[in-house]
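Structure provided below as structure tokens; questions to follow.
By written order: A, B, C and D. Residues from 1 in each chain.
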Amino acid sequence: MWKASLPVYRQTLAHPFLKGLSDGSLPEGRFRFYLQQDALYLRAFGQALSLLASKAPREDWAITLNQHASEAIQVERQLHETLLKGVPRVDTMAPSNYAYTNHLLATAARGSFAEGMAAVLPCYWIYWEVGKELKRRGSKNAAYQRWIDQYSGEEYGKVVGQVLDIMNAEAAEASPAQRRRLVELYTISARYEYLFWDMAWREERWLP
Amino acid sequence: MWKASLPVYRQTLAHPFLKGLSDGSLPEGRFRFYLQQDALYLRAFGQALSLLASKAPREDWAITLNQHASEAIQVERQLHETLLKGVPRVDTMAPSNYAYTNHLLATAARGSFAEGMAAVLPCYWIYWEVGKELKRRGSKNAAYQRWIDQYSGEEYGKVVGQVLDIMNAEAAEASPAQRRRLVELYTISARYEYLFWDMAWREERWLP
Amino acid sequence: MWKASLPVYRQTLAHPFLKGLSDGSLPEGRFRFYLQQDALYLRAFGQALSLLASKAPREDWAITLNQHASEAIQVERQLHETLLKGVPRVDTMAPSNYAYTNHLLATAARGSFAEGMAAVLPCYWIYWEVGKELKRRGSKNAAYQRWIDQYSGEEYGKVVGQVLDIMNAEAAEASPAQRRRLVELYTISARYEYLFWDMAWREERWLP
Amino acid sequence: MWKASLPVYRQTLAHPFLKGLSDGSLPEGRFRFYLQQDALYLRAFGQALSLLASKAPREDWAITLNQHASEAIQVERQLHETLLKGVPRVDTMAPSNYAYTNHLLATAARGSFAEGMAAVLPCYWIYWEVGKELKRRGSKNAAYQRWIDQYSGEEYGKVVGQVLDIMNAEAAEASPAQRRRLVELYTISARYEYLFWDMAWREERWLP
């Protein structure tokens, strides 16, 4: 999965939004746009994780996914109490956010457990890799640095490791055709991760 | 809901299984049968709660339901480490257990959030009421007494209170026709609660 | 599948309800009870087929399953206009009917396409085999004979053949573990087919 | 619904793709791109209709939706045998197509019946209105004219009328809050209808 989506990952790292988080050139309005959309994203992400918990073939996985689902909502709430404090709430997902979360929800609701896991994995994994990379780069902006610290810490790494373990166990039992499908779903989400930063950079609106 | 299913509740309290828990006349084999089936039940119950978490219209409800889903699985695991220690695992649900859990899963998967909540509520509420009643009666059997203590404690009462709060909030916004449907789904689950004890009493098997 | 559930099938053929359809000893009230419950069953059966149509991996299968879903509803309506003419409508499923249809709906909604097909197959296949067997036996009751003719005709045989073709194609690609699961789901439905006749014979009611 | 999305509809009619269908200025490659994507769309649209059939509260609606689901697949197949004859099949949905169909599938799978109907309605209704408008304008290109005839005919109008009847009946029983949600879902699909033409005009590809 990582290899198949490496070109997408490289373009993600090179995106002006991520460059701007490090060198401080990211306008704060666009960061706020990102955070507002991320809060909406986390809610839907939690719903996809609950759906996957309901399909999990192993009990410990169900426990893990239920906990991640709760945590996604709690992270969203903390966002509103910290970085988004005083910023008006936004109700409407921007187009790329809506497309990404419907991809997650439709796959988690209609696909197999493994397919749903493949769709949610990039959000975990790419944030972890991006987080570590940005940590190395550092940031000139204190608020951006705090955000970076969150996704490069040990604790977050463990969370990502749990999901990778589930995915590896499922992929080990999948047929070649099923594995191709898993890589395909993973790659779509990896693209949406790129598009999510791009959406914030462009402060994307619905047209027409 | 309580009023509509009061006759069912009274018959439940009068069932020889529950009488036998107090006066000690319940054969231990039937109690073990009950616990083995309950372990299978809790797994499916947790899946229904995860499905409901994915549909919850309020974030705090989603957090609560994800936590209850995890706890259902953890209670199931504790069962195997305590009361069912050394007892061989059973893989197959008895007919009444399978019918009950499919009612929960089909309603949680296909119905509205309120409908799913109405279906899972009796498991919480009736256990709480039964637990308090059996507490008053006491038990001559130490193992039965430990089981009774679990469902009559303060902590369990709080868990039930959370679910009642959700149900009341949803019922307050439902139309008269929707409310009738909620009572209907509640009553079906209340009957299945009776049938679950009865299943254990009869050590029910699949026929043919 | 057929081999695994052969004992169940033999007990089904020997059930007094089916014997009574041939020798005319089946009380008409029980036949009416059966038809009323069957009308409710067909509605839910059609819903399960629509769910499977939405998951079908091949377009021709999706077309077939959508058509079967429509036909199930149309057969139900014809029932009310012919054999159930003048008989009051019943709203409530008897326990075995509710358990059977929730098994179908929960499996079709939550399982894979192949799992859902395994669950709906016995309704098709057992009726076809029962229909042909009863045709050989004949019936002394003209109404029962008309009912037998419906499920032993060429046209019905073609419908069943379509579903068997889908199941065979899916089973050919399934892993051994998946195939065991398919046989398990099939066998549960085969048991419910027996229980459905038995339900009508006993004019089963909800207890308590 | 129509009023709320009128600005979107006006922009749709003014889009160079639709103007080009009439005055013949639409490059055939873009029309082919549209047809290839439409074939993929129809498959997913049929799946959403099957899901809605499984949720329909009235039997005649379930029959209608199952039939529409079959017809969507049959129209897709005819496309490949007529307008797309000899044109290589495309496997990958363009981004706007994938976003639109996931909106339909996620809403049909997870929302209420009325919510799913609101999401699928624009595809019916806007094509009917666009079809009649383009019929008035006529086309200088014979292939485009045949396409226009399909969506402006009596038969297609009846199909649309069936869906409008269902939507009106459901909306009549909805609360004000539910109706706002229905208009919202309708409007999102109306935007996706615009974006679908725009996607074909730009021969949209995935980025990165």
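Everything that follows uses one rule, which is that a residue touches a chain if its C-beta (ideal position, glycine included) is under 8 Å from a C-beta of that chain, and two chains touch if they have at least 3 such contacts.
Everything numeric in this text was worked out from a predicted model, so none of it was measured.
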item: Given subunit B and subunit C, the chains that contact each of them; value: A, D
item: More contacts between chains, A-C or A-D; value: A-D
item: Angular offset of subunit A relative to subunit B [C-alpha, multiple of 5 degrees]; value: 180
item: Copy pair subunit C, subunit D: interface residue numbering same or different (half cut); value: same
item: From subunit D, the most remote chain by mean C-alpha position; value: B
item: Approximate Å spacing (C-alpha centroids) for the pair subunit C, subunit D; value: 36
item: Length of the line joining the C-alpha centres of subunit A and subunit D, rounded to whole Å; value: 30
item: For subunit A paired with subunit C, centre-to-centre distance based on mean C-alpha positions, whole Å; value: 45
item: Of all residues in subunit B, the ones touching two or more other chains; value: 54-55, 110
item: Complex contacts: residues of subunit A adjacent to subunit D; value: 7-8, 11-12, 95, 98-99, 102-103, 105-106, 109-110, 188, 191, 194-195, 206-208
item: Interface residues, subunit A side, partner subunit B - complex; value: 43, 46-48, 50-51, 53-55, 59, 62-63, 65-67, 69-70, 73-74, 76-77
item: Residues on subunit A engaged by subunit C in the complex (per definition of touch); value: 54-55, 110, 112, 175
